[in-house]
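Which chain is which? They are A, B, C, D and E, in the order written, and residues in each are numbered from 1.
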Amino acid sequence: MKNEQKRKDRGRIGEFTIETILRFFAGISILTTIAIVWTLFSETIIFFKEVSITEFFTGTKWTPTLEPRHFGILPLFVGTMMIAIGASIIALPFGLGSAIYLSEYAPKRVRKIIKPLLEILAGIPSIVYGFFALTFITPILQKFLPQTQVFNAASASIAVGIMIIPMVASLSEDAMMAIPDSIRQGAYALGSTKFEVATKVIVPAALSGIGSAFVLAVSRAIGETMIVAIAAGQSPVLTFNPLKSIQTMTGFMVNISLGDIQHGTIEYKTVFAVGAMLFVITFVMNIIAKMIVNRYREEY
Amino acid sequence: MEVRTEQNIYKQKKSRNIRIRKAKNIIFYSIILGATGFGILVLGLLLYQILKTGLAWLSIDFIMNMPSRFPQKAGIKSALAGSIWVISLTALFSFPLGVGTALYLEEYSQKGTWLNKLLQLNISNLAGVPSIVYGMLGLAVFVKMLQFERSILSGALTLTLLILPVIIVASQEAIRSVPETLKQGSFALGVTKWQTITGVVLPYALPGILTGSILAISRAMGEAAPLIMVGAAGYVAFLPSSPLDSFTVLPIQIFNWTSRPQEEFKNIAAAGIIVLMALLLFANGAAVMLRNKYQNRMD
Amino acid sequence: GSKSGNQSHQEPAVQEARLSGEIKIDGSSTVFPITEAIAEEFIAMYPEVKIPIGVSGTGGGFKKFVNKETDISNASRPIKDKEAEAAKGAGVEYIELKVAYDGLSVLVNPQNTWVDSLTVEELKKIWAPDSTVKTWKDVRPEWPAEEIKFYAPGTDSGTFDYFTEEINGKSGAIRQDFVASEDDNVLVQGIAGDKNALGFFGYAYYVENKDKLKVVKIDNGNGPVEPTFKTIQDGSYAPLSRPIFIYVNKAALERPEVKEFTIFYLEKAKEIVPQVGYVALPDEEYKKGLSLVK
Amino acid sequence: MEIKIKVENLTFYYGNFKALDNISIDIEDRKITALIGPSGCGKSTFIRTLNRMNDLIAGTKVEGTILLDGKDIMKNEIDAVELRKRVGLVFQKPNPFPKSIYENVVYGPKRHGIKNKAQLDEIVEKSLQGAALWDEVKDKLHGSALALSGGQQQRLCIARCLAMQPEVLLMDEPTSALDPIATMKIEELFETLKKNYAIVIVTHSMQQAGRISDNTGFFLNGELVEFGQTDILFTKPRDKRTEDYITGRFG
Amino acid sequence: MEIKIKVENLTFYYGNFKALDNISIDIEDRKITALIGPSGCGKSTFIRTLNRMNDLIAGTKVEGTILLDGKDIMKNEIDAVELRKRVGLVFQKPNPFPKSIYENVVYGPKRHGIKNKAQLDEIVEKSLQGAALWDEVKDKLHGSALALSGGQQQRLCIARCLAMQPEVLLMDEPTSALDPIATMKIEELFETLKKNYAIVIVTHSMQQAGRISDNTGFFLNGELVEFGQTDILFTKPRDKRTEDYITGRFG
């Protein structure tokens, strides 16, 4: 009995310790954010002492390393969006389609092989995708759309899209797999086709997971640099034409921070300003995504 | 209930309806099969291109040699060792951290409070922060502030922060999908929360957690830019012997080679990519196998 | 496979081999291949010495150099005033050593049959910030009226910096409707795939892709000169051959391994620089460097 | 007497485990057939084969013939989707969709082509009334089906099946979680429905079987020990084991 | 008469919906208490509050006091983990863990510190025998619990609970999916167990309540309409509604 009591006490202390540790773990992500905000924004403030905020947000020319200098971030912003949207157009349907196939249609054996195969796509270094886009996708595009430039947003975003397919596919598939089979059987028993079971029952029930997969994948697309740097060129021009060369925010940041530019100069500080800007953009996009997911989530 | 008369509403539609629906099913099936096939096809193409150029250059020497300016002599030993070091440490840090955070968010913290919402938003937001920013962060925090210098440790910690959001979010979704009835069944047996977590929640959620980890590790394995920021070298001709040593990793080495003018370097870059992918398969293999074991549909 | 093509291995150097320690180097990725090659040779002789070489860019390299995190900094451009001031402020004394030339080559697509050479004036007219050149015809009236597509290296690179400075008189001053890429291999792809391309980048990338590209001779008043190892080295290919550098911390130079390495660098450069695609300096340049070190 | 479903020599395996052994049985139209037998004897397995739900379980094997209106459902003469529409099944363990109550009921009708809102509303009301659930849930039709009590979920699943107006109703212990009154209502419903449908119910209640069924089958260890008219089976069982079971002397 | 659990003025809300209204009831030790009432009246809700399972459902609210051996469980005088160990609950819908049968049964004991293999084996056999399941599953102890029939799953969940040897057993319709023979066995088990434990069962079968329980409570719309000795409640109900319900005249 005494032992029992001891065990219980130990158990309770253990539980408390565990919760404390886990809370600390969760705190790390907050610390990370604080550190990021501090890293980016402290320099950004200095940057805005020299560059007008209006120019930054409304200017249509981005030439911080060229004479004359212009600091309008719109070209980079549009470039980033084009890549993110293009990649989403590829990755979301293809990824979700694959997920549905794997979870609902594929025989178990096939699934066990194909899922890890698709995941290899996530592990291929992005340089490979970059050159793939440049030497494979672009020529195909040029065949159909001769006005396509050698470096263009379209082929880069296709490559980015392919790279993030596994993120969408794998995570969505897991979410669907986790729906208990009894639900599925209930739907089949009502004379549903597989298509209906998948789209009317399973996908809605797994929407939370699918939504998260989308958000993670799109985030990854926004953050991708190498593919874009190689295949889309580095032309910060304001264009909505995906067949033209562009530059993205992240692409710009990598180039400057690893380039030969002198540190501490205003050109260099743009990295922080752009980073801060991107941080704010992703923040807003996340809030919107949350709202959309909440709107459609069937959480009963 | 007047049933027979109503039967008609289905009867009229019946045969046509079923034919259309079955057709839809088949069309849909073809589409998603195509979608999956597309992924596999691209993978095949990429692998073919890599193998075609790289395979001939792959040899024991290539793996056992240090980098060199002569493509024939160049090897990948130090980069491979560096990658193994960095990835192992990254996995070691990020897995418990990520799963722990997910558990905290899903099982411990009060849902719907502003703190929880903020944490949640914050984590999805971190997923969108570009890797180069993590590099800056790592430089400021790990290299400078904590004085870990330009070491494997700094690199691994930086990558840990970079991939943490993916692990957290994937784990959260997996944990959330554990049926409430199972958790209740466990609690009803008078076991503690942590015992319920280890006994029911984690086994059920494991496939999803592993998927997140696979994707995250794959990403970490291919990152070059943030590591360059925290001071990973481009050329290292010795093997690191402790987490505080200087290092390089495969993607940096590969990137170096691809940016050389000489054709041969592009070929050994391909060989390097093969090594990277082999390492990736190896690192993820265990996770894939575990996942296959646990991923069975529950009743 | 190892088809060793390395002669320096045979040199008997074992007797001095008691050097150890770590030489930290960082900086430009352009200079990286040279320093790497030198380090490779050096380590063959002194296996106890560790030489990790970073690639965080000239600017990033100088930053670390100034913070005393590195002993040697690779630089694809001379140190800037502010950087030099910072070094001074931090008490870092250094010596600047030229180690090689990189001949910037101006290139067009092989299908381009009309351009053979350009004068510096024409280059300036084409690339000037306020340039009105849109088609080839705007450069020389006999050339076709097809729109030129401009290609340039990353605007943050030393190459770009040098070109704009030399041609347009001010670093960063250039027309703004060009396509850029950080990776010269990518530029090769771009120019090779675009009939009306005109671009410039490092000589080594041209040498390796001669079949895909057509190089433009540059006329600096003394007739058109094609970039070759020889013309770059003897200075007749002007003004587009730029020097690249290493910077050595004087305090670090006190350490035997750093000193030995620096000397080794300058002594071996002539032999090794061409092997990695750059152009060696004239002998007296290296001698000048050596005298600074010793 | 019209035979709706004719089962011949049905044998069923889960992996190597033979769960049904050579079952032959005739399900009559417009009659209620009750299946009884101890837990684990194969009742659920049997009725699940009747609309091919067992196809969905990996590693199962089935032999024999099942004819629906003379057409062999095992040979795909009727395809599974249509079969399941015509042969409705209510599972033993309630499995409502994680949707609203309303969406649960209209799920089937919507799939089968009914889009009209008024018509759907009517179906919902009728079906829920049929399942004796309407009064309890009419105010929370758009609330979650998972927030219902056990018995309410069971009735919702019955309603969901009724909404499809199948020709055959297979009910696996449809009233196990219901109180006597709700049970009585459901039984009354069956009495009405049987004018048009064939109904098969699995039940553990001898009384229920006796009360409502026309024919009864007694399963034991995967075998159909005895099958016949309910009143005869309960009063003059041919088999000793049946007698033991119905008199409670068994085991 | 010793009171094991004393419930006073218990009121319970799901969100705004009041599912239990001011319930006061005494659960006697070494007695069987039966709870009856129409589907959806709050029986499950009630017994789930007795071991604080409802804490786990978001948006619920509970008022009143529940004393276990005189200690207020709502005020954390007993912590929830210990409470649940002492007050075992079998759910209405069987919820076996997706593990083997063996692992299901030893899940609780293992976590409460029993590691000895022989001891665990013994617990498994005893508990499964208690739940009248041993004979059916003894050869597939390491097979998946999800491959069991409905009734087998229900008995497994009973066994899982028995393995913990709680002081109070709460059973939500424990025999709803069981045939008469299995039911009888479980009832016999209750008779044995009640020598040491307090037992509360929710049942829809008046017969069962009458057969085995000492006290019976009748719930209606979240209210405890009547509570008292079983024989009195069934023969001389004080409340008209109780009488209507037990005679089947209700509704």
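One rule holds for everything that comes next: a residue touches a chain if its C-beta (ideal position, glycine included) is under 8 Å from a C-beta of that chain, and two chains touch if they have at least 3 such contacts.
What you see is a predicted model, and the numbers here were worked out from it, not measured in a lab.
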Which chain pair shares more contacting C-beta pairs: B-E, or A-B?
-> A-B
Select the chain whose centre, defined as the mean of its C-alpha atoms, is least distant from the mean of all protein C-alpha atoms.
-> B
Cα-centroid distance, subunit A relative to subunit B, in whole angstrom = 13
Subunit A and subunit D: spacing of chain centres that average the CA atoms, whole Å | 48
For subunit A paired with subunit C, centre-to-centre distance based on mean C-alpha positions, whole Å | 36
What are the residues of subunit E that contact at least two other chains?
-> 81-82, 93
Which residue numbers or ranges of subunit C touch two or more of the other chains?
-> 29, 55-56, 60, 183
Using the touch rule from the top of the page, what residues of subunit A touch 2 or more other chains?
-> 11, 180-182, 193, 196, 257-258
Could you please specify the touching residues of subunit E with respect to subunit D in the complex?
-> 14, 36-40, 44-45, 92-94, 136, 147-152, 155, 172-173, 176-184, 204, 206, 245, 248, 250-251
Spell out the residues on subunit D that touch subunit B in their complex, using ranges where they run on.
-> 79, 81-82, 85, 111-114, 119, 126, 129-130, 164-165, 189, 192-193, 196-197
Residue ranges of subunit E touching subunit B (in the complex, touch as defined) | 51, 53, 56, 58, 80-86, 88-89, 91, 93, 95-99, 107-108, 111-112, 146, 157, 160-161, 164, 166
Across the complex, what residues on subunit B touch subunit C?
-> 57, 59, 61, 65-70, 72-73, 150, 228-229, 231-238, 246-248, 252, 256, 258-263, 266
Using the touch rule from the top, collect the residues of subunit A that touch subunit C in their complex.
-> 61, 63, 65-69, 130, 134-135, 138-139, 149-151, 229-230, 233-235, 237, 245, 255-265, 267-268
